[in-house]
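My structure is below; once you've seen it, I'll send some questions.
Read from first to last, the chains carry the letters A, B, C, D, E and F; within each, the first residue is number 1.
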Amino acid sequence: MLTRKNNRAINQLRPIKFTPGFTKNAAGSVLVEFGDTKVIVTASIEDKVPRFLQDTGKGWLTAEYSLLPGSTDKRVSRDRGMLVSGRTQEIQRLIGRSLRAAVDLTKIGEKTVIIDADVIQADGGTRTASISGGYIALCEALKDFTPSPLLEQVAAVSVGIIDGEILLDLDYSEDSNADADANIVMTASGKILEFQVTSEKKPFNMEQAIKILETGEKGIKDIIAIREQLHLLPSQP
Amino acid sequence: MLTRKNNRAINQLRPIKFTPGFTKNAAGSVLVEFGDTKVIVTASIEDKVPRFLQDTGKGWLTAEYSLLPGSTDKRVSRDRGMLVSGRTQEIQRLIGRSLRAAVDLTKIGEKTVIIDADVIQADGGTRTASISGGYIALCEALKDFTPSPLLEQVAAVSVGIIDGEILLDLDYSEDSNADADANIVMTASGKILEFQVTSEKKPFNMEQAIKILETGEKGIKDIIAIREQLHLLPSQP
Amino acid sequence: MLTRKNNRAINQLRPIKFTPGFTKNAAGSVLVEFGDTKVIVTASIEDKVPRFLQDTGKGWLTAEYSLLPGSTDKRVSRDRGMLVSGRTQEIQRLIGRSLRAAVDLTKIGEKTVIIDADVIQADGGTRTASISGGYIALCEALKDFTPSPLLEQVAAVSVGIIDGEILLDLDYSEDSNADADANIVMTASGKILEFQVTSEKKPFNMEQAIKILETGEKGIKDIIAIREQLHLLPSQP
Amino acid sequence: MLTRKNNRAINQLRPIKFTPGFTKNAAGSVLVEFGDTKVIVTASIEDKVPRFLQDTGKGWLTAEYSLLPGSTDKRVSRDRGMLVSGRTQEIQRLIGRSLRAAVDLTKIGEKTVIIDADVIQADGGTRTASISGGYIALCEALKDFTPSPLLEQVAAVSVGIIDGEILLDLDYSEDSNADADANIVMTASGKILEFQVTSEKKPFNMEQAIKILETGEKGIKDIIAIREQLHLLPSQP
Amino acid sequence: MLTRKNNRAINQLRPIKFTPGFTKNAAGSVLVEFGDTKVIVTASIEDKVPRFLQDTGKGWLTAEYSLLPGSTDKRVSRDRGMLVSGRTQEIQRLIGRSLRAAVDLTKIGEKTVIIDADVIQADGGTRTASISGGYIALCEALKDFTPSPLLEQVAAVSVGIIDGEILLDLDYSEDSNADADANIVMTASGKILEFQVTSEKKPFNMEQAIKILETGEKGIKDIIAIREQLHLLPSQP
Amino acid sequence: MLTRKNNRAINQLRPIKFTPGFTKNAAGSVLVEFGDTKVIVTASIEDKVPRFLQDTGKGWLTAEYSLLPGSTDKRVSRDRGMLVSGRTQEIQRLIGRSLRAAVDLTKIGEKTVIIDADVIQADGGTRTASISGGYIALCEALKDFTPSPLLEQVAAVSVGIIDGEILLDLDYSEDSNADADANIVMTASGKILEFQVTSEKKPFNMEQAIKILETGEKGIKDIIAIREQLHLLPSQP
């Protein structure tokens, strides 16, 4: 049977830590740690919306993601604004869609919330850490809106298959060896926002797909429990 | 209960048609039609591989996708090579990953197969049509390799939720109204290569996620049955 | 004496075919075939004009051209929007100028007609096929304007010199061997809109230049005769 | 009848002046003046060739053209390297093709001659001035090659139609009013390298096309006569 | 007389803090704080050099700098790789030149040290903080080279003129009001590497220029004293 | 002791020449020569300002700089508009800041003066020649504004250290060997606008920094004296 680093159980998260208010200029800010993965997520608010929302009274939320060059063992090149790589684009679209689902954008007026997730140390699961932490930065940035535009808590976690086992919250060395990997985004009440599972080395069957979903649901409940201890999240309707 | 155009059943495909050899300069070529969605897919072979595969003896497969400007009701701007949009990048990465899973790349030497999917008429499901048709262009392009590098047939289909109903193979007007939509890529033997489901308007529950997968599996079997009547696909090992 | 493929006479066109309405989302659409050269041309109409025409009441017509990657024997890279190659830019400017001459732009209001010529199979003469076919897509797109903004039919053909002979409508293998090649654009009444002749391998003399023009004129009359059999072109004033 | 500035005859050039060696760092350099049009043309030689000529023993010649921002009445934006405008691309391709025809590239080895034409004051005919002057910079840059790789003198001039008259060497105000304009590139022995004629406002007929060519030929002979007085051009084989 | 925040003296630094080893994947890493300015600086080493150093046996050092979007009050757009702003380019060139002066590049072989300075919270003096902190990341990254390629300690500080007073280490609000500002880079032994002083609102005289230099020298000595308490810097030759 | 070309004294300028009105389309224009360095500088005026100045009633001044490809011994690539190199960006920012200090921008209304400095022959000191010449083009462009928006004359010069000697106005071969080099921008009344000194090969001490400044001041006085003989500069308030 497969042994994980620090004897982690197959459905156990890495140690997770949130440091809200990590920097002070952005409207919301947090340092998220999922084991050795560390991401600074900020939320900023701008008084404009994309063209397709002008004069609708509705707001928008978008996200940008980057790996800082020194965040990985082998330095990564900086992404280049409009010239961002396909991987980066997929991740920022995922973060954006996931956190948009957490907000009633008709309640913020014609403003845009911009989530910036900058990975300072990468060890797997950076996109799910960005979503799980981004929700905190988002809450801080929106705390003065009345009534609260927040709908429901959102969190995300990764799951993978290695040697037939379904593992929760892969670190980088696990991720590199996974036959398939998945990202799941859910709300506090257990609704699914996003489920993506990809065979990296080996296709999988329907039963495994379902098991992955269930493992992800377990992980998301654990993340939400940790986050609630921070007492900074708004109570939900 | 929801009525579909042409009285289509909720788990029924649109009329599907493949025209292999649609153009003659590329190594493989097909015109794929899923209802009113029409895509020209070609497969070309180049005698070089990306840097990370040089001197490994292995080949590669990659994909490019574009909507021709006149393919939609309201003209779309041309994608711009390196400056392709996030949506396009996601689609070409999905097509590439899906068709790579159909080939044993150690059997083609240091060559790159490039799949080009150009949508000439768009009516929903262009990415899944591109994968389902791309497999045919790929077979034609690889027909002279001995032993055949092909592993197993691959096909793809979309599924969505509208008003709580699970619908197979959405057309554009259905897709625009879907609460959630999904893309599924599977092999002929029923293994899953890729499953992506996203809530567009409303989150969904675990039971619905499973129902979507099952509906997709049914659709993929139907596509493979149609494709086998072409008798141009290689017999699989 | 030089023998052409299929015993074509030196001043004879390849088999020419127009399939109007080839796709259905754009305002106008045609599949043009000049021998093995196949181009999909669409015409779309947008409710805006370039800055230099704003508030003038006049419209505009512009063109984009691309070779689909699989249209040639050796795959061509996709052109890149703003980063299009010099060859592509020359061709799209030529198509635009030629078809602008066919329309009274003061009669369409502040709208822009965009002609998109996408070559799906390339065998020489793609730019002249695009103009000759583009005129049909243009007619379809403008058919509801009253009074008709169309001025006069426009068509185009290529001519070249090989071994001292003047040849009409070169295919790719002829074009590659030509000492000089030319593109001619004319109206139905025999007026010249554009004449470009370039020595590729050998300079030529005045007499040859004139002979090229006359051969082109003969070809354009033949194209217009074929096109008129379609009965879809508006009668001209 | 049409009166030209300074009572110029319709088939008369503007005052033309060449200042060879205008700058001293490039291998060849000239200031060309066609009336108020002033262009600095340099020729530089690099020890490399484009990929398609590597290991063939042959050389290459290419050209770049720019309008300096302050060269026109209303400042023009700088062209942007790879992002050059279509107009600029057409011009640099024309200059390159024309001057390539003046050199036997098999006699310079695997080197590239780069012609840079930078317009410091624009008053019409900048591309033909660039070619006519570029030939001088080219001669200077190649003067140490033995045997001389130069084939034959090359020069260029513009011609246009205004109110039915055929005018030689248009200045900017004439060019703006022309019904059609043309550029002609010829050799000293009267062979045509390039002839492009475009209707700007009105189509023209065959007879006019021929008259344009003849007028251009007259102008080119005049330019060559002026240039020969410089005594710096190599005697041709 | 001018009062500074926290009653800082005019020639007094803000509280300065270095946290070496702040992240663990890069070869060297530090969190630098100059008051509320916080910068993560990493040093990575790659086994290649720019083309102009290939086959010379010498190494290189280069730097990249960015403001994270959430680092400022009003969100800043991400710099775009090759499309970085002029301000960013100036800063990264300054950081690179300054730290190159600290290393004997002939002692590291054909390797490139890349310094990445990412500002997570901006409050003035980010470029001088990046240099002062960058030196620490550089030491860590080079600690295993024998003999040490390090030459001499390098540090940097800003100085400005407000209302005629010369102030050390400006924060953002001071910087915005400065009549002139300067950046000074020096070695531990008091040699000047770089001195840039610019009048922002008012020109200044020679005497002031000299006073600025002396104030900078005092600040740099203070920074070096703080840094030496870390005991992680190599003893210098 | 160090001997300079043409027996120039260490604190002596090269022969300096200004040719105002060198081209005639731009609002102001000059050919500046500092020895063999030759720069065409034009000043153009546009009826718009950057966004941050809209509706303030104030104007702006900005600068662009380029080396023409043939201006150097070894051809330089054209800068690419938005993709200009870091060196070019630094230079254009310096020219812009320096000349902005010469104008009261509240007196020109919402207009932008654009200074274009195009180096046609490069032999060191191109940025300081551009500033010193640019001031003349600026005066010509602003000559019709009443009251004159000009504040005070501005000029610039370079200084360097070679073998411990402080040299004024380095040519290219001196610049390549300098241990340190500096650029100084001053007003006619001796106020400093900009002083940048960088150690290229060897750090320098405080005393040398001061000597550099004094040498620069001497050179700037000499340039201003030469320029005043032109009698085209406005008398200052």
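We take it that contacts are C-beta pairs under 8 Å (C-beta built on N, C-alpha and C of every residue); 3 or more make two chains touch, one makes a residue touch a chain.
Just so it is clear, the model here is predicted, and its values are computed rather than measured.
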Topological distance between chain B and chain D, in contact steps: 2
Joint neighbours of chain E and chain B, given as chain labels: A
Those chains which touch chain C and also touch chain A: B
Pair in D-F, A-E or C-D that repeats A-B, with over half of contact pairs matching by residue number: C-D
Chain C and chain F: spacing of chain centres that average the CA atoms, whole Å: 52
Approximate Å spacing (C-alpha centroids) for the pair chain E, chain F: 28
Length of the line joining the C-alpha centres of chain B and chain C, rounded to whole Å: 33
Where chain B touches two or more other chains at once, by residue number: 82-83
Arrangement of touching chains [line / ring / star / complete / other]: ring
Successive chains around the closed ring, taking chain E as origin and chain F next: E, F, D, C, B, A
Complex interface listing, chain B residues touching chain C: 23-26, 29, 36, 38, 40, 42-44, 46, 64, 66, 68-73, 75, 77-83, 114, 116, 118, 120-122
Sites on chain B touched by chain A in the complex: 82-83, 86, 89-90, 92-93, 97, 101, 186-187, 190-199, 203-206, 209-210, 213-214, 217
